[in-house]
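As structure tokens, here come the structures.
Two complexes, one shared chain (subunit A), two partners (subunit B, subunit C).
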Partner chain A sequence: MSLLAQIVNGIALGAGYALLAVGWSVLLGSARLVNFAHGQLYMLGAFITWWGTSALGLPYFVAIPLAVAGAAILGMMMQLLMTRLTLRQDLVSLMLVTLAFGYIFTGGASLIFGGDPQQIPSPGMEHRFIVFGAHLAYQDLVIIFCALGLYAATWWVLTKTNMGRIVRGVAEDPKLAQLYGISPAKVYIGVFVFAAASAALAGALIAPRSPILTSIGFEEVIITFLVVVIGGIGNILGGLIAGFGLGIFTALFGAYVSPAYSMAAAFAVLLVFLIVRPQGLKTS
Partner chain B sequence: MTALLEVSDIRVRYGNSPAVQGVSLSVAAGELLAIAGANGAGKSTLVNAIAGWSRGPAHVEGTVTLSGRDISRLTAQERSRMGVALVPEARGVFGDMTLEENLLMVKAPQEGTGRTYEVEDIYGVFPQLRDRTHAQTSTLSGGERQMVAIGRALRAAPNLLILDEPSVGLAPRLVLEILHHIRELVEDGLAVLLVEQNVKAALEVCDRLSLLEQGRVIVTGTADEMRDDERTVHAYLGGLRS
Partner chain C sequence: MTNVTRTRYGRVLVWIISIVVGFFFPQILGGTEVIYTTAALVAIFAIMSYGNDLILSDLGEVSLGQTVFWAAGAYTTALLVIKSDWAPFMSLAAALVVSTLIALALGLATIRTRDFIFSLVTYAAAIIASAIVTNTAYFGGSDGLVGMPLLSIPVVGGQYEASSNEALWPIAYVSLVLVIAFVARFRRSSLGITSLMTHMNSDLAETMGVDVRRTRILVFTLSAPVSALAGWLYAYQRSYVSPDLLSQFFLLLMLTAVILPGKRILLGPLFGTAVLVFQQQHASFGGDIDRLVLGGVLALVLLTSSDGLAGWWRAITKRRRTKSVTAFNSKDSNGTVAASLPTIKE
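Our next item is the complex of A and B:
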């Protein structure tokens, strides 16, 4: 395959990475919170979509909102249980508690959905087309447009709306925000719900590319972490660029060096970034 | 004058150490009460307790009533919606946002409290902010940041404005300028509680002044009375009667 074809493949891959990371980017950057169950919410997004199509007989595109709503409810429940920790900004405890939630989600999912690999039937995977020698599915186009659309919407909400200003205000100084009638606890719930719902959307859209197991999720958290840190914490545009960049890097490394080591190479890039440019792609 | 704010026997302690030991005071609409005292006298602790706010784990007792309604058990955000606006010490502004965003993010509560201020009205009170509207707040001067903090508090349409040491770190001319802006708001009917170490400046604009020492009010009087008060003159006005 030509270099151009690999870049096109990388763009398709990277759109998925960017989509996966957008919720975390807002969570960590704008609310200074973490959620290590992010990958498991991705997995649940994929499995609820599969369950919606296979058990309820829903069309694929109708099952997606079901998965997004399910993850949003789980995200809200998580945040309600963790309110005290988030109000204290206790990141270490939050990391451990969300990791625990992740394991509970994995266990719960294998209990409900079983341990067999499943395939989400998406009409987007049925037809393929060729761009510069790269074989893409219509699903890839859906992922690219959703990633671009969600980033644009997120950027707009955070910078142009009062809701965004309140989220940024709470991120900077939750105590000060209280003096103006703003409830940090409610803002944290909103941001957490968005992050959980967007992880599920990523799962519902990306997972049809390959068979799914309830054990997936760990690699997704790692990719999310890479994208958010390279993009520059809190930098929405940086996250988008980092997502696409990581996709292209992984595709090229996989094609010209070895696909087995592409994740290790991505981490080497992260190390270089953390040493040379700890602020990531952020300009200020 | 009937009091808008009534504070009775308020006590605050951090762990076992008492910071405020039974303070009672009142402020009427259209009145400016200044609170002066040395560092550590409990001034900030007192006004934070009135606003129901604290950066640390404070234990508060006593009652705070606003327009006759007991608000002692309400959270800071609930008190804010009832018309209490505190501008905390060290100019609480959101540095990552622009000046305009700082003002826009605060909205007046649904039910009427005090006068509502549009962003344009804030520029009317502090005209020098108009030129810096799109500047990142962290790049503003100390005086400008203080004006943003006060402007943002006004956006919440308060009927009680509490200012905690707005003059810290500002040039004397700027202190008087800001205090005169505050006085105009008082003439407009706003009740203001002003914590101020610069007693001379406070006496220029306040109606009454209370001296706080070791968490207790040791004397309260009108501005004229306090200018002649021995303790005030001795401790805060350099021993010289003005």
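Our next item is the complex of A and C:
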């Protein structure tokens, strides 16, 4: 396969990475929060979609909102439970609690959905086309358009709307924002719900590419982390560029060196970034 | 003999008695193979947790890559013993060195990171390490490395062979006692004190002349051989090593073991590990429900108390004190209690 074909594959892969990371980027940039259960919310998004299509008989594109709503409810419950820690900005406890939630989600999903691998039946995976020698599925196009659309919408909301100003205000100084009558707790819940829902959307859209297991999600956290840190924390455009960049890097490394070690190589890139340019692609 | 010396001797005596009683504890509980298996696992996992305890309690950081050092200890041991026939103590020395070097490299790479970035890098390191050992034939791939011989160490008059968990117990127990003594000594050392200063207020520590970055790297590096020692023991206890050493289970276990009783309590990780291992060994509900239990315990403790069971205990005793003071004040205003108060004799 030619270099150009690999780059096209990388763009398709990178769109998925970017989509996976958008919620985290907002969470970290706007609310200074982290969620180690992000990968498990991705897994739940995939499994709820599969359950919607197989158990309820819903069409794939109808099962997706179900998965997004399910993850949003879980995200809201998580944040409600963590309100005290969030308002106290107890980052250590927050990290550990979300890690514990992720572990609970894995166990719970195994109990509910079973331990067998499942395949999400998406109509987008049935038809393929060739671009510069790369074989893409229509699902890839859906992922690319969804990623671009979600990033554009997120950027617009955060920079051009009153809601975005409130979120940025809380990120800047929650106590001062409170003096203006803004409730930081409500903003944190909203941001957390968005992050959880976007992770589930990513799961519902990306997971049909390969069989899913309830044990997935750990690598997705690392991908998210790489995209957010390399893109620059809170930098929405940087996250999109980093997502595509990571996708192209992974595709090229996988094709020309070894697919098994592509994530390890990406991690090495991250370490270089942390040493040379800890602010990522952010200009300031 | 001064009072201070007497108190010190008394404390040493209590420790000696506790250590002796601790050694015979499995025997007191019945001395069955199941009891000794539980006891050996508690000792091994507690050692593993003490490595994490140094970072979490003393440095105030969350290292989610501690499983890398524990796995490095186990894998180095298995590789050298199975493939090159190394003696146990030689493999132990190699395990400690390898884990220290990995920690040093990771510590230097993350020198400019703090809080969640540090945690995420260490978390990523664990997941990447898992991907590497799973995909590399030299490490045995997903099957791991099997065929560990029995742990056999030279003693006066011959060799001591740990042919069962009962026979392994003395070695695991001595290792545990040494690690606890090491942690206690660390907390009294200047590094331990500067580490705590860095944790409590890094800006102040810097103003006082503490090299915060150096302290962080030193403590991080120091924690690695502690967990690696546990990995060395576990490789012999289980007779094989596999990528599951880098799984979430061990990470959650070591974190919960430290957080459950409350951070920076010397015997805390031992107590936490004992509770968790006992549940896993004797009151297990199956893999998936055990996940809910382990994750649930960690989440519950963190959501309800900033300092584990010790925090709960403090909250309960504080409430009791407040209640008794309130009761006293209300009764006192009626004049009913005042009469029963002892009078001060002049």
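FYI, the second predicted complex is superposed on the first by the 284 of 284 C-alpha atoms of A that agree within 3 Å, B and C clash if a C-alpha of one lies under 4 Å from a C-alpha of the other, contacts with A are read in each partner's own complex, and residues count from 1 in each chain.
Following the convention adopted for this analysis, a residue touches a chain if its C-beta (ideal position, glycine included) is under 8 Å from a C-beta of that chain, and two chains touch if they have at least 3 such contacts.
Being a predicted model, the structure only gives us computed values, none of them experimental.
With both complexes brought onto subunit A, simultaneous placement of subunit B and subunit C is permitted, the two fitting side by side without a clash.
If you count the residues of subunit A touched by subunit B and by subunit C, you find the higher number for C. In the superposed model, A:Ala69 makes contact with neither subunit B nor subunit C.
Once chain A of one complex is fitted onto chain A of the other, the partner contacts of A:Arg165 are limited to subunit B, with no touch recorded for subunit C.
In the superposed model, A:Leu80 lies in contact with neither subunit B nor subunit C.
Once chain A of one complex is fitted onto chain A of the other, the partner contacts of A:Ser183 are limited to subunit B, with no touch recorded for subunit C.
Of the two partner chains placed by the overlay, only subunit C lies in contact with A:Ser93; subunit B stays clear of it.
By the touch criterion defined above, A:Lys175 lies against subunit B but remains apart from subunit C after alignment on the C-alpha atoms of chain A. Superposed on chain A, the gap between subunit B and subunit C at their nearest CA atoms measures out to 15 angstrom in whole units. Common to the subunit B-facing and subunit C-facing surfaces of subunit A is no residue whatsoever.
Contacts from subunit A toward subunit B in the complex involve residues 162, 165-166, 168-169, 172-173, 175-176, 178-183.
On the side of subunit C, the complex with subunit A involves touching residues 56, 60-62, 64, 109-110, 112-113, 115-117, 119-121, 123-125, 127-128, 131-132, 135, 248, 251-252, 255, 259, 287-292, 294-296, 298-299, 302-303, 306. Contacts from subunit B toward subunit A in the complex involve residues 51, 53, 55, 75-77, 80-81, 85-86, 88, 92, 94-97, 101, 104-107, 109, 152-153, 155-156.
Taken in their complex, subunit A has these residues touching subunit C: 28, 34, 36, 81-82, 84-85, 90-93, 95-97, 99-104, 106-108, 110-111, 218-219, 221-222, 225-226, 229, 260-261, 263-264, 267, 270-271, 274-275, 278.
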